[in-house]
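Structure below; questions to follow.
Chain naming follows the written order as A, B and C, and within any one chain the residues start at number 1.
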Amino acid sequence: MRSLVTRPLATVGQAWLALAATLGGATILLGRILRSLVPPRFDRDETWRQLYGVGVKSAGIVVVTALFVGAIMVIQSAFYVRRTGATSLLGYGVGFTVFAEIGPILIGLMFSGRVGANNTAELGTMVVTEQVDALRTLAIDPIRYLVVPRFIAMIVMMLMLMALGDVFAVIGATLTADALIGIDPQVLIDSLLESHLLDEYLLGLGKALCFGVSISVLSCWYGLGVRGGATGVGRAVNNSVVANAAAIFFIDFVMGWLFPVGL
Amino acid sequence: MSGAVAIRCEGLGKRFDGTWVLRDVNLEVRRGEVLGLIGPGGHGKSVLLKCLAGLLSPDAGRVLVDGEDLARLGPLGLARVREQYGYVFQNYALFDFMTVRDNVAFPLVQQAHLSAEEIDGRVASRLSEVGLGHALDLLPRELSGGMKKRVGLARATVGEPAILLYDDPSAGLDPVTSSKIFQLIARMHRADAATVVVSHDIDRMRAVCDRYVMLDHGQLVFDGPEDALGGAPDTVRAFFHDAAATQRRGGA
Amino acid sequence: MNARIGQGFGAVGAPVVAVWRHGWAIYSVFAQVVWAIVTGAIRWREVVRQAYLIGNRSLFFITVTLGFLGLISVYQVASQIQRILPDFTMMGPAFIQLMWREFAPTITGLMVATRVGSGIAAEIGSMVVTEQVDALRMCNADPVRYLIVPRTVASAVMLVMLTIYAVFVATLAGMALADVVFNVDPSTFVSFRLVTTADVALGLAKALSYGFWIPIVAGQAGLSATGGSAGVGWATTRAVVSSSFAVILLDFIISGFGYVVLNL
């Protein structure tokens, strides 16, 4: 009977300890990264390589996701517009949700899955095959060589993809509005432009920046901490995407609280 | 000691991403004999073994089991043929979410010909034959390498298969355990069964194998018993004796 | 010159061919799973075990993410309402309705795709590279039937239950925020006035589809793992991306179908 009470408590306790360990470790890593940025001491070639790699990997999936996100938001907004008859609000509804909320979250999640997981897998494999140890014996700091280039690349890419994603989400929304709901694309775009959504757009970019930081730091932290061969790498990728998803929602909440936007 | 042909390869070829790993392999595996598959590492021995088992399908030529082309069998035919096989994997491949007993019982349970009591009986007797009667309820992660190899052996042989395939049975094991494994291989071999052993352990293979087949860069360069080595090309003889000499000097 | 053109086509064509092959591989697993279910080849004890694992792994995660989602959404919307017309009576009901229709199933689906999808690919991928899947085939156990079918059935059922739980969590969080920050009475917020059976049906249909497809996509990624620890890592990555995308694609299809065909 006692275990009925103590076991759930132990699980919750363990979860909190794991959370603390992750937050602590990730913060320390972030500190080391920032120290390598000022003054800038990191491998520039590797940074360019990462920028290219990250961009190529994620552009496709983000663009396609954005198209569908725009489409889905139009369908859901249209539902309410039809009930309330406020057709002019369609542009506002779509724009607000896509730029400020759903866009950043979904693009963040996709980026975390495509690039974050990949990152953890790459670094994890390097740890397991002792390449990271080899770097250290050559007196190369793994942070400067491996982590900082990825950090920079992922933040830059995340911002660019957010901007790109916004464009494609609007395209997806427009196409769906035309094809499925019968609303003239021009009407939708006019309504969007008249809604003065600059604040929302900037908030979305700001969130993207923070997601870039959290995704790169967390994915690198999990990748470098891999233990145990093939299963260890798989488990690290698993933990990494989960942690990133939770962080995305948490950051989204905090940013929304700190920078309230709207009419 | 050769009987009917169990497996025949005709012009077998296998390709991975454009590179031919096996080329024009013509081979017969006969019942009643133990065939040793040797050759330098990475030249296609494991791939050939998997083709013999039907785990890989040929990109050229065919593999015939008792006259039937493996590539042409539907799922039911393949299931029927598979029941004849026992395969011991290089890295044990034990199901890590099952106990030792369930691992060994698995092929029998899948075949669904026997009752639960009969299965239990066979599993227990096979495990005591390999010296693991006490390990029935352990999980694979609680076993040593040698013990896992023996469980793999038990699982492969519990269905009294007619074709036994061993992929590097003594890899990574200490000399004492290696000898035990090869003794078990000799014991599991039956007069009506065909056994193929892939290994670098020439000395221990000598005690068990009737005939040898050597692969070099995916092609068969030797096929015959040890005393036919006299007529073989120098490379083959060099490999055979070098490998044997290294072992005697101080390797596994 | 011709070589350049050829290269150009190759560069564009190669990803298209890759996507096509990937899609075909997923379809083939889907067909095998459906056939297994239709012919009743389901190991129910394994289904229950998987359901327990899925529920256990996801519960805390869903609570956290959907809790925050509830907080964010209500905060944003309530701030707007407060500025325009301080009448909060419709906020709660509309919030709950939108949760049922869209966000509870989809966000839960994405979270499960992340948590469980990567877990499935990691497990199955590890089994592939340690030759356990080959061992299954030698013992005449079809890997799709043995590994993927139980997870598919379990995941479909659990996702429905987790979605219902998600609506509950998000509503609770939203209600708390509305009360504490905007002084909205909980009984005003928690009202099911606007929720119709159609809304619930739409949400549950989405949950069921997501739950069904996630193990198929993730399992296929796991089965295609090659090459040791690196291979398992790539397979897990592919599983997360593909199953997340599958959720979004299904969301679009079902929402679109519901709107256009069924006027939902």
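FYI, a residue touches a chain if its C-beta (ideal position, glycine included) is under 8 Å from a C-beta of that chain, and two chains touch if they have at least 3 such contacts.
The model shown is predicted, which means the values in this text are computed figures rather than measured ones.
If each chain is drawn as a node and touching chains are joined, the picture is a simple open line. Of all chains, the one whose Cα centroid sits at the greatest distance from that of chain B is A. Of all chains displayed, C has the C-alpha centre closest to the centre of the whole protein C-alpha set. In terms of their C-alpha centroids, the spacing between chain A and chain C amounts to 17 Å.
The distance from the centre of chain B to the centre of chain C, with each centre set as the mean of the Cα atoms, comes to 42 Å. Averaging C-alpha coordinates per chain places the centre of chain A 49 Å away from that of chain B. Counting partner chains per residue, chain C shows two or more touched chains at residues 130.
Those residues of chain C lying in contact with chain A across their complex are 15, 60-61, 64-65, 68-69, 71-73, 75-76, 79-80, 83-84, 94, 98, 101-102, 110-111, 114-115, 118-119, 121-123, 125-126, 129-130, 228-237, 240-241, 244-245, 248-249, 251-252, 255-256, 259-260, 264. Those residues of chain C that touch chain B in the shared complex are 130-132, 134-142. For chain B in complex with chain C, the residues that touch the partner chain are 50, 53, 55, 75, 79, 82-83, 85, 87, 89-91, 93-96, 106-107, 110-111, 155. Interface residues of chain A facing chain C in the complex, by the touch rule stated above, are 15, 60-61, 64-65, 68-69, 71-72, 75-76, 78-80, 100-101, 106, 109-110, 113-114, 117-118, 120-122, 124-125, 128-129, 176, 180-181, 229-235, 237-238, 241-242, 245-246, 249-250, 252-253, 256-257, 260, 262-263.
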